[in-house]
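Take a look at the structure below.
For reference, chains read A, B, C and D in written order, and residue numbers begin at 1 within each chain.
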Amino acid sequence: MLGKAQIIAHDFVGDPLYKIRRLVLRTEIAREAQPGQFVHVQVTKGIDPLLRRPISIADIQREAQEITLLYRIKGRGTEILSEAKVGEELSLMGPLGRGFTLPTQGELILVAGGIGVFPLLPLAKAAQEKSLAVSLYWGGENEGFFTSSGLELWQEAGIPVFLSTMDGSIGEKGNVLDLIQKQVESRVNHGKDAVAGACSDDLSVAVCGPQVMTQVVSDYFLLKGASVEVSLEERMGCAVGACLGCVCTLRDEVSGRIYRGKVCKDGPVFKGKEVLWDYEQ
Amino acid sequence: MNSNSVENIDMRVNLGPLTLKNPVLTCSGTYGFGDEYAPYCPVEKLGGITLKGLTPEPRLGNPLPRLAETPAGMLNSVGLENPGLEEFLQSYLPKVRELPTTVIANISGFSLRDYEIMANAFQAGSGIDAIEVNISCPNVKHGGMHFGTHPESAQEVIALVKAKTNLPVIAKLSPNVTNIVQMAKAVEQGGADIISMINTLLGMSIDIERRQPILANKVGGLSGPAIRPVAVRMVWQVTQAVNIPIIGMGGILTWQDAVEFMLAGAKAVSIGTGNFVNPLAPLEVLEGIEEYCRRHGFASVSDIVGLAH
Amino acid sequence: MNSNSVENIDMRVNLGPLTLKNPVLTCSGTYGFGDEYAPYCPVEKLGGITLKGLTPEPRLGNPLPRLAETPAGMLNSVGLENPGLEEFLQSYLPKVRELPTTVIANISGFSLRDYEIMANAFQAGSGIDAIEVNISCPNVKHGGMHFGTHPESAQEVIALVKAKTNLPVIAKLSPNVTNIVQMAKAVEQGGADIISMINTLLGMSIDIERRQPILANKVGGLSGPAIRPVAVRMVWQVTQAVNIPIIGMGGILTWQDAVEFMLAGAKAVSIGTGNFVNPLAPLEVLEGIEEYCRRHGFASVSDIVGLAH
Amino acid sequence: MLGKAQIIAHDFVGDPLYKIRRLVLRTEIAREAQPGQFVHVQVTKGIDPLLRRPISIADIQREAQEITLLYRIKGRGTEILSEAKVGEELSLMGPLGRGFTLPTQGELILVAGGIGVFPLLPLAKAAQEKSLAVSLYWGGENEGFFTSSGLELWQEAGIPVFLSTMDGSIGEKGNVLDLIQKQVESRVNHGKDAVAGACSDDLSVAVCGPQVMTQVVSDYFLLKGASVEVSLEERMGCAVGACLGCVCTLRDEVSGRIYRGKVCKDGPVFKGKEVLWDYEQ
């Protein structure tokens, strides 16, 4: 779909200090959107900045024909986007890309670094609808960040959330992998479940965040035999697979062949075990 | 001719041996293999599309990041990533054949032999309607740049391709030269049926916080509206110097931009970066050109070509 | 060096024989004879200013219109309008002398003799601190372009100017060449003390309703943010190839843009079209560079030169 | 002066069809502005469009520290300007250029073509304050145009206005020179005044409009011996005399030397007798 979407709401999620804004749009995209997909947003009618900006779909209200985007004001493009007013229209392409696979059974663990959490909520909700056990492990800077990045939405949805901060000011002290390891240990100690030993096919993991974090978390769970999906990020031109600006490097599971995947079209979600993280860089 | 408006504009254009149903094409490297934009823009309405650049061997292209945004433009350093000739013929061509429009293959190489292989592969009836020879890709250190900036080499490559294929041959010129007219004359001499211009300008952008070029490849090709004045100037100059038709490109986003190229002398236009901004740009450009002709009383779109001279 | 912030940044820069109190200059042709912008920007704070290009004889320049706006840029075809050497020395120099900053004269010519006359006129003590040799003005059909695109001629002109004046000689390069490094090496060979780059890219813009080029001169020089990626790329390339300092210019509007040039290898920067948009740009650029150094713990502005390599 | 000016009012002057907007700005420029001067307005914070736009000062309220601009939405720049909202600020340079000379005595005739009328009102008001006889001859397309271009402001100021339209739908039929000639004749027939025969130094004329019209009107009055000033228009870069983008060609009255004048700095107002209209074009 390519077309105009009307702005229904547009505000800061929490403390404006964290520059995270919520943008609710009325658009047919809501009909087809799947968890993990994104839209390509034109932030200005002019040519400065020239390119559209990719933003994940952070919530889908199919009946209301609305999608929610959560975004952080980062540079000029998102700065200009942040000035768009309720009632105005934005040009949108979407839904784009291949999203997450919804597991058919077992447990789903979501792992997010910083604002990587945004595309995970629709997945969590879909998993809940299917009565899967779902929980979120989320690393961030401090409490203010979490509350300004939609923590409440997770709580409202009733999803167990485990937080970590580097300074320990809230949640576990350390990065999100530390948090996960600790959690796994504690589950082991309490003899509770799948994450414990070598996991079965019953554990699915979805990761989104900075590349380094995504990689270590993916590797950690892959070692445990879980089925891991990662959501990648790259600068985008076309967002439809036509320009090859956004590729990542993959190794075909079966043939072992090394090839490029288009983050915009083949992803942004890929199988963790197929991604070659540091290829040629 | 300027007096009253015309009902049906003849939008067909003859580019020497290649006839297009209308003058609007899409640029190589920005339109994939023709189906990526299908959900957004009806390709069957376009004059044609140009495929991503192909080489004999598969190429993984350059490391990432490959894109950087610049004022009214962008840099890319894709580095000719492509599946290679064999894989293209096997897995892509069957779908490409089905595209309901004129299809131009874009070929690149690092040696004359490469170009020869590519030219041999595409002949009339192969599902490809013309070959665009990219002698101007600035991203590859050995080869591309060389052919594109030396008139003798350019002539040689074109002559070779021309000898090996019976398809119309389009020579694509690089703007990174002192004398574009000299290059144009050289490819005309080499037997090119058509000239397409311009490819990207070589540029760089630096991340001042990381203190490194944004592109992993350091330099990349500048495209988009920023380069339009350079492209229009070159089309203007070349129109005066050669007798073969020109496909104009470089920064076209709107129909006004396209008309600018046609008035400068381009018989057809091609849209690249503009697709990223507005996937409907090719269609809107087409409709805009037609409406321009109607409003000004031109019965055929070819009537406006070169009118600003 | 990146650890803690520095109180007083040493903003002086040495460009071979020319020392500037700071690295921020203004470009020839965009800053008149130094007093036009005085009510808007305190010239005494700047590293220096470059005067409008001068020729031996007075010139009325090109017909109007001379300006056209383009995406993130503009075209100009002023055509070296200037009062001529004699009138300059008589009526302008007395005021120029009083300017409380470094003053660079920009000279152009249509023959070697012209450059000789101009070089002779400016010597140490004449009120001018350096000579910038414009071998790259794209607007004049005979001369300017020729010297700027042929390495041998460029070398010859620079050697001549260098022989005739005891002032520091700055060679200003045109971007309209296939091989900028070759040009840079030629002017270094010719004895240039400094290189300034880039001059404007040759461009054209067409009024689609009038069906004529907007500029009366048809083609003009493209400047402004649009050309910055090309300029940064060229500075980057030339830095690696020559041993003389570079003044970077082309599309600088903000301090970030200026830092980009310095990281690419420019020891100083110059603001042209940016003045039209924001007359305070030179001052804001200066303050921004200083603050950048402070924030990143660089004690001297020269410390950031070439850091992106 | 270079700085921000707050928007006090911004609306269509009359029928939006004519696209003429009134922009009232609070700015120190009001203190120094002279009739015929202009400001250089930045229509956007970004770089698209890049250049500022020159607009004449159409009214000066010194006490209120306000200036009024009247402008026609023509292309992208003025289109974007038209979206600026009351309360917002615009970056302004000014007052720029050399304005009209206020005659010390006699009669002042103002001649305008189309929106060339905008810079003339401040001159008319200044002339009124000095009790000079002042009148306006104004050519335009039709009644709607005049009422949408500030005709009322002239009527409020009590200045005699004579209109012409090509179709005669309002005022005299014909162009503004036809109007003037007719008027002059009628004055002659009624044996009334200066315009009649060879005028004395007592008649001053100020002309602003499309170049062809300005030229013929200027020549007409020069032949009659009047003191004529014309306001010229050119595309501008710097607007301060630094770029030589906006020159016109002049002949020095005394020496006969041909030279370039900068419309932005030496003008926009020049002596009619010094302008070489078709030089080198």
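Throughout what follows, a contact is a pair of C-beta atoms (placed from the backbone, for glycine too) under 8 Å apart; a residue touches a chain by one contact, two chains touch by 3 or more.
Here the structure is a predicted model, which means the values were calculated and not measured.
By the document's definition of touch, common neighbours of chain C and chain D comprise A, B.
Averaging C-alpha coordinates per chain and comparing to chain B, the farthest chain turns out to be D. Centres computed as Cα averages put chain A at a distance of 48 Å from chain C. Inter-chain spacing, taken between the CA centroids of chain A and chain D, is 59 Å.
Chain centres here are Cα means. That of chain B falls 34 Å from that of chain C.
The residues of chain C that reach two or more other chains are 71-73, 224-225, listed in rising order. Touching two or more other chains at once are residues 47-48 of chain D.
Chain contacts here are complete: no pair of chains fails to touch. Only residues 47-48 of chain A touch chain C when the two sit together in their complex. On the chain C side of its complex with chain D, the touching residues are 29-32, 36-37, 39-40, 52, 60-61, 63-69, 71-74, 76, 78, 81, 216, 224-225, 253, 273, 275-280.
Listed in rising order, the residues of chain B touching chain D in the complex are 71-72. Residue ranges of chain A in contact with chain B, taken from their complex: 1-2, 42, 47-52, 91, 93, 234-249, 258-260, 265, 280-281. Residues 70-73, 75, 149, 176-179, 201-206, 208, 211-213, 218-219, 222, 224-230, 232-233, 236, 251, 256, 259-260, 263-264, 292, 307-308 of chain B are the ones that touch chain C when the two sit in their complex.
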